[in-house]
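Labels run A, B, C and D following the written order; every chain starts at residue 1.
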Amino acid sequence: MEKILFQCDYNEGAHPSILRRLAETNLEQTPGYGEDVYCAQAAEKIRLSCGDDSLAVHFLVGGTQTNLTVIDAALRPHQGVLCAETGHINVHETGAVEACGHKVLGLPSRDGKITAEDIRKACESHRDSDSFEHMVQPGMVYLSNPTELGTIYSAKELQKIYEVCSEYGVYLFLDGARLGYGLAAPDNDLTLPLIARYTDVFYIGGTKVGALFGEAVVIRNEALKKDFRYLIKQKGGMLAKGRLLGLQFDQLFTDGLYLELSSHAIRLAERIREAIDEKGWPYLVENRTNQIFPIVPDEALEKLGERFCYSYDHRVDETHSAVRFCTSWAAREENVEALCAAIREV
Amino acid sequence: MEKILFQCDYNEGAHPSILRRLAETNLEQTPGYGEDVYCAQAAEKIRLSCGDDSLAVHFLVGGTQTNLTVIDAALRPHQGVLCAETGHINVHETGAVEACGHKVLGLPSRDGKITAEDIRKACESHRDSDSFEHMVQPGMVYLSNPTELGTIYSAKELQKIYEVCSEYGVYLFLDGARLGYGLAAPDNDLTLPLIARYTDVFYIGGTKVGALFGEAVVIRNEALKKDFRYLIKQKGGMLAKGRLLGLQFDQLFTDGLYLELSSHAIRLAERIREAIDEKGWPYLVENRTNQIFPIVPDEALEKLGERFCYSYDHRVDETHSAVRFCTSWAAREENVEALCAAIREV
Amino acid sequence: MEKILFQCDYNEGAHPSILRRLAETNLEQTPGYGEDVYCAQAAEKIRLSCGDDSLAVHFLVGGTQTNLTVIDAALRPHQGVLCAETGHINVHETGAVEACGHKVLGLPSRDGKITAEDIRKACESHRDSDSFEHMVQPGMVYLSNPTELGTIYSAKELQKIYEVCSEYGVYLFLDGARLGYGLAAPDNDLTLPLIARYTDVFYIGGTKVGALFGEAVVIRNEALKKDFRYLIKQKGGMLAKGRLLGLQFDQLFTDGLYLELSSHAIRLAERIREAIDEKGWPYLVENRTNQIFPIVPDEALEKLGERFCYSYDHRVDETHSAVRFCTSWAAREENVEALCAAIREV
Amino acid sequence: MEKILFQCDYNEGAHPSILRRLAETNLEQTPGYGEDVYCAQAAEKIRLSCGDDSLAVHFLVGGTQTNLTVIDAALRPHQGVLCAETGHINVHETGAVEACGHKVLGLPSRDGKITAEDIRKACESHRDSDSFEHMVQPGMVYLSNPTELGTIYSAKELQKIYEVCSEYGVYLFLDGARLGYGLAAPDNDLTLPLIARYTDVFYIGGTKVGALFGEAVVIRNEALKKDFRYLIKQKGGMLAKGRLLGLQFDQLFTDGLYLELSSHAIRLAERIREAIDEKGWPYLVENRTNQIFPIVPDEALEKLGERFCYSYDHRVDETHSAVRFCTSWAAREENVEALCAAIREV
């Protein structure tokens, strides 16, 4: 029997309506490199969803590519990017940001988030130093929302962070690889218009939320808009058949599909949480998005592992481990039910 | 009336059988990042086609990404890459190779090709210099086949180039973004096994030959195999749903589809050449692949431009211009007929 | 009254005998870029001091330059360099290593040192990870000796570190910007031959130990020797009048001057320690080299600050601060006496 | 008998008055990293000589370092630097600019110079291209004055180049490694105030004009002034004992020493030209600065080579070669006389 995969949120292909549109338009002839009508259309829908028609929207293929392109576009050579020590760019992108010449300045974090106060301290401490020119200057703040630990920022928190960034002349960049799962969380009060307003640049993840691949970069800051397409091309992120990205985001932003798919994942995640709560297992981090981080007795884990794949985080003590289960837009009810039943049983 | 596009070979989507397979497998769960069964299967078929089961095969999304990843993986910081001045990496990748720290060392070329002798001279001249340590050391040779001007290398030429490279300790890398159109050309005598044998690394282009996107990197040299996946990840080229690449190449390398699609484009290109020959228009460069570079009277061009898109190369004299028409796996007979008729008429 | 500077060890020029030699040879004509007889002579003396005539020796101008050149010469793009979080390359070189594309992988450290066990754990943890290719691969270990906190490695410690590095295929690089002050410390048991044997590459600092400027890089590992001069040139470290470096190191390695100057600094540092000990002030870190890190009552500090410059490290509690006093080859007895008296008095 | 060196202009040390000042101030205590009184004083004198008290002045050690630091400080990642194909950064710096991520965009040049028209064409051709985002954007123009072939720009030429640069939003950077020898040339009409006015940034070379080492960067453009010291530090160009640079430039800009030393070299170069002219040897390039490029019969060359070192440029035909003789601030009358006599005799 094949195991059921819960270890990440990109095990399947795309929402069937996306495949359908790719098929329908397959032999249409369009210009390349994102200068087609579908990209234009998708960008327009995203601007509309964000409530700001001055936004620049670009489509890239994947997350690491997007992160490195945005960050390298923004920073001067002596600048680095502040982020939580657990931030994806600091840990899981094989030094992509450093390969562009910039230091990632990790800040301690318990739950994957950093605060306005953390950022202020880092900027102040840089300014105050006797030898500030011998140290990397913070030039950007990188947040992920949801974070790598599934937590989310509140509207208030984001606004405060943005205000500190503005005060210190530091760009604010929000990685939204799983943005839908944040927006659909029961305890979320952020919206696309708020995010567009309280960041300089952010992206809306498609790869993990219903698309085959694709991330939509949304830029509000004029300085960052300038020449951004050169950067996309140079970093290898400009898809020849750019319309494939346009078509997917056009579909995701038609009739609320993006949020609908996200909500599906959240609903199923909540069921898994119920099973875990009944069991009394604690969490590494509490959150309400599509990533669940229970601390599980090793014996139970072994049992679950016979039928389900999860992602192993770390050993907590001699008999317990922190692991991750993910739901996604594609998670099937019956599989989630099977997992819940198994949790209850072990 | 919509214009018919002949300006490049990536205006359409993918061969229908590829879309079909994406649809069929859409909800299967597979591991990410190219570690799925479809990638393994496609790699195996490519190794078989190349007649060498020791080859490493990796799948990346696009050409610029592939070029920069391969080149950066191969070179030490003080090394550069020799190529024809017209080489794609020297002209049309926004300095992607330089952004990785390496100089592109352009060699003069009339037809997009360079010779074993050109390479020998460049290496000798470096070695002989009084101040060689003050100059970039050639560490790799980059060829494209077909070249940016549609010309191809013969087996003999490639072998000689490879021998010179080996003699000077310089890697040989062949960019096969349009490889199928070279292999299917009437005057070609290269084969995949010969290319695999007489290069250190090359790639088989999918984007321009029937796939939605994708380039298959084939590495023979052991030193280049080491840790290559780290490089793919760092440069942003590791597709989360890697199976999309595996599936496409698996399909292209089933029942000879790759060559079949390539031959289609060549057959139609030959028809366009016939029309041009009848007209007596000369060529910027003679070739038999899918790119055609006639020198056309401006008046005729204006007329053709009403119904067809072509790519403008440069002004040749006051009344003539060099342009490019491309066919592709997706070119339709009726469109090509229409173009041929229009050429004959003007 | 001018204040007396104890904040660092590069406030003065060079040992008078060095200036004398520069003057004597001033109008001699020599070839540039380190290919002169004085560089050859100095390299030979250093090889002799290290007891290994196969060592490659190169002269660079400054420490940051040397660190970035050595590290970039050694690493492939996906590799990073392990070091103590307090390591100079991690904190005080404006991201010079990252600007070459490589992540600095900081390891927690209380006293500026890291252990063989720390390194083993970092390498093991990388290897064991599920997603190791998504993380920076350790390619080198960077130690400074003395460290930024004035501590030193014992021969046994260095040997063990070297053995772990060899086991994991990771280069070991020792930054000896203050090497003399380590070798002259009363509790030191390292020697140049031992360092040459138990590292792949290290350097002997001149800037802080009697020269106007200059660091002598000593390479034992054959792989690192290859083409190193290209790297020096590319990074801007190849002095046109290279003989200035050769002459200085030739002088420092004549009649034991290097160690003599170092011992002078250590002797005076010990006197300052005596005064501090009498006072009962604790140390941030205990060490016996030329940097002294007492924790001083703020009132006392203010008083001392009227006549002496020190380097402020950080606030320890509401009424105490950690500071640094440095002696050097150029420190004058009478100034040290004045400082000691002042400490005793406050 | 030792040969007399004419192959370059950095065979000797420094003007004796410079060594004297280094000796006099040797044991003074000053802060490091260019924040001492001598650097301030030298900067002030340079501002005065340039007639603009808003200029930022920084001191670096060598030319390659200066070039890469200035260029990397100025450009965004997708931008490159236009220069003559013979420009030092394009040929003799081991790809230092590319190692910072930027392409050097070489323009054809017969005499080492480029014109305002060349620059305009390059910028226009970039703008006009269909696929401009796929190509490196010109972000800076690099001139050397005198050029690598000893030629110089007139005030009118420089002004026109600056105007074109301003029109296209491209920085103008002038490499003055041999600036003195240009200013002292009989056919020169440039002055420091004119250069400061008609560039965004330039530097005044010390290494080749009387100093042990050192280049003084002069920045007029406000955007380039920002955070420049971070860049110096990151690239390894911030000398710990920065006063060594300040002292040297202070001396060179006292009592007109810089121009006096330059004029000496020019006077002696003119004598060598007289001997060559008498002989009837043609020149590779005509110029009146300290580099002389005669085309010499190989037989004569062999004879001269017995007593004099020159720099071999290239073979012109079967019996003639282009070579370079340099004079410098340190050239001795009797040596020049000996060379002239030898030329006349062969």
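Here is the rule we use: contacts are C-beta pairs under 8 Å (C-beta built on N, C-alpha and C of every residue); 3 or more make two chains touch, one makes a residue touch a chain.
As the structure is a prediction and not an experimental result, all values here were calculated from the model.
In the contact between chain A and chain D, the residue numbers used by both copies make up over half of all numbers at that interface. Comparing the centres of all chains, each the average of its CA atoms, the largest separation from chain A belongs to D.
Averaging C-alpha coordinates per chain places the centre of chain A 42 Å away from that of chain C.
Between chain A and chain D, the centres computed from C-alpha atoms are 50 Å apart.
Once the centre of each chain is set as its mean CA position, chain C and chain D turn out to be 33 Å apart.
Under the contact definition stated at the top, the residues of chain D that touch 2 or more other chains are 77-78, 93-95, 99-101, 133-134, 230-231, 233-234. Interface of chain C with chain B (complex): residues 33, 72-73, 76-78, 100-101, 133-134, 137, 227, 229-231, 233-234.
The part of chain D that touches chain C in the complex is made up of residues 2, 4-5, 8, 10-14, 16, 19, 22-23, 25-32, 61-66, 68-69, 93-96, 99-100, 207-208, 212-213, 230-231, 233-241, 244, 330. For chain D in complex with chain B, the touching residues are 77-78, 80, 91-95, 98-104, 130-131, 133-136, 311-312.
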